[in-house]
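Structures incoming, each one as structure tokens.
Note that chain A is present in both complexes that follow, paired respectively with chain B and with chain C.
Let's turn to the complex of A and B:
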């Protein structure tokens, strides 16, 4: 499949300003902007990095440029939520979707392992989509526990936190200029362990309607906190209560991102 | 229009976690953890995530400074003057030689740094022991 993807990228580079993907060199594999004439034998698909953030960075720096991206399902979902919040421009993006294998989907407990070309003006998908993997078994086990057991579970997990902010830094949906986790009203600087449970629950609440289950936060956590369990639960609640699935439909507004301009909450001052 | 990630090693402690510097048109714009790095395996602490904060800092020292009594006073009250590496190294060599001759090798101590490489730290202790002749060697990351 990788050869087919490289061939597509080579073809698209003739009309695009560049394609964002992973580049493997002797020093390792990392995100890169491939340009026409670059050695595409270095284009790889593993390990996964938050490529959607690179699209945002480059589109903002070059407001006229048209880029492509070799995107997995989670990258594509992240781009959908970023587009809704004006972090990426779908009209200037060509999405080359790459389907994950069944093994990859299982490793990530990914229920949606194939990119959806539908939201994108220019897109195609390489490979045969596989079935989604079963959800993380920790979530089901968690459901059977009492409130006190749940509190103990998270207390034990959050106690390991070294407050590296890696979960926030790596997240493609964390792009606020001012972060509540850096506001000393909520999080006292220079103090470990971070306040339980607020530190992680502030982030979890801010991820509601945003988290696309890309698992980057969990993969980068030095304390091995099962963050996707927390965000899976948030995602489930957002779907059950608000009928919203982040990353699914680019035309649906995120329920927690509405402005109050037309809402009846505005007070009339006499 | 050039975006690439440059592999390097975190300078903050002896663990030596692997990270990439995100470089856009020659300017560092971010840090990414190196997922294939044998030590850190895609994880960083808060220092690693901010390992580049000093790169463009206005207070960063870019040349050696020599404290001289007649140099103009800085805002912090110190009388430092910018110098070339030749001037600075000549001064240090002369003063170390004088102090050793007058007061003995054990009147001198060496403090090394986690921001240096393993090899640089090796050289510093070698210089202390073999050239100056003292075991007074310590390190800011001797945790």
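Let's turn to the complex of A and C:
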């Protein structure tokens, strides 16, 4: 599979200004913009990395350039949400979709492991799409837990937070220049464990209608806080209440910024 | 014998409707509970999740958000955003063990002084049965 992708990238580099992927060297693996003539044997797919943010960065830096990206399903979903918020220009992007394996999908509880080429003007998908893995069973079992249990669980988890901002920094959907988590009105500076329920709940609310379930926050977290359980619950609520699945359809606007006529709420108002 | 629990409620009131509704309740001598700490905002859509969470963190036992009825927003659709945001935040509070009923959204126009008194009374009683927030957020 990786050979097929490398060959494809080599071919595409003749018409593109560069392809964004991961590059493995003796020092380690990092995101890289591969140009024509570069050693493509260094192009890698592992580990998972939020390349969508790199696309945004480079497109803003080079407003005329046409780039390609070797994107997994989650990268593609992240790019969809970023395009809606004008962080990515789909017309200047070639999406080379990379299909995750069934094991990778399982690891991520990913229900949608194959990139969807449909939203993109230029896209191809390499590999045979696998079935989505079942969603995280904790989310389905959540109704059966008491408030007390939830409180004990999350307060214990959040107590581990060292406020490294890794969850925010790695998130492809966190691109605001002014971040509420850096505003001392909401998150007191110099206090190491952020006081419950600030920080994590602020971030969770800001993820509603945005989180594409790429799991990067949880993979990055040095304290191993299971953030995606919380975000999966929010994703479920946003789908149930507003009928919106982030990353699914590039033509649908985020519902929280629309009126009730344009994006109705599927519940009775008091 | 300790003091009986008196809930402290932070109420975000829209300048154009519920704040005037609260004012009119006072002018009309309709009693409303003294547990309410009113904060005037220009629109219920201005009430961000951060503001509500900070109220809880600061010891509010309940947070009330009152805005204009749908269709009557001074800014046309500010309250539409509130209508979507508050149910999501209520659920989220529940997911981490804070009772969702500590947050209530309602619509009170400037002409609805009796409704202001009724909503605040109901809410104070609801929060009274839930007990102090300190047990739920650990302050």
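Basically, the second predicted complex is superposed on the first by the 255 of 270 C-alpha atoms of A that agree within 3 Å, B and C clash if a C-alpha of one lies under 4 Å from a C-alpha of the other, contacts with A are read in each partner's own complex, and residues count from 1 in each chain.
Everything below uses one rule, namely that a residue touches a chain if its C-beta (ideal position, glycine included) is under 8 Å from a C-beta of that chain, and two chains touch if they have at least 3 such contacts.
Treat the numbers as computed from the prediction; the structure is a model and nothing was measured.
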First (chain B), second (chain C), both or neither touched by A:205: second
Partner chain in contact with A:134 - chain B first, chain C second, else both or neither: neither
Dominant toucher of chain A (residue count), chain B or chain C: C
Chain B versus chain C as contact partner of A:31, first or second or both or neither: first
Which of chain B and chain C A:234 touches, first, second, both or neither: second
Contacts of A:162 with chain B and chain C, given as first, second, both or neither: first
Residues of chain A that touch chain B when the two form their complex: 17-18, 20, 23, 25, 27-33, 35, 47-49, 54, 57-58, 61-62, 65, 162-166, 169-170, 219-222
In the complex with chain C, residue positions of chain A that touch it: 142, 147-155, 180, 183, 185-186, 195-198, 201-202, 204-206, 208, 230, 233-234, 237-238, 241-242, 255-260, 263, 265, 267, 269-270
Of chain B, residues touching chain A in the complex: 1-5, 7, 18, 20, 22, 24-25, 29-37, 42-46, 48-49
Interfacial residue positions of chain C with respect to chain A in the complex: 48-50, 53-54, 56-57, 70, 76-77, 80-81, 83-85, 87-89, 91-99, 105-107, 136-139
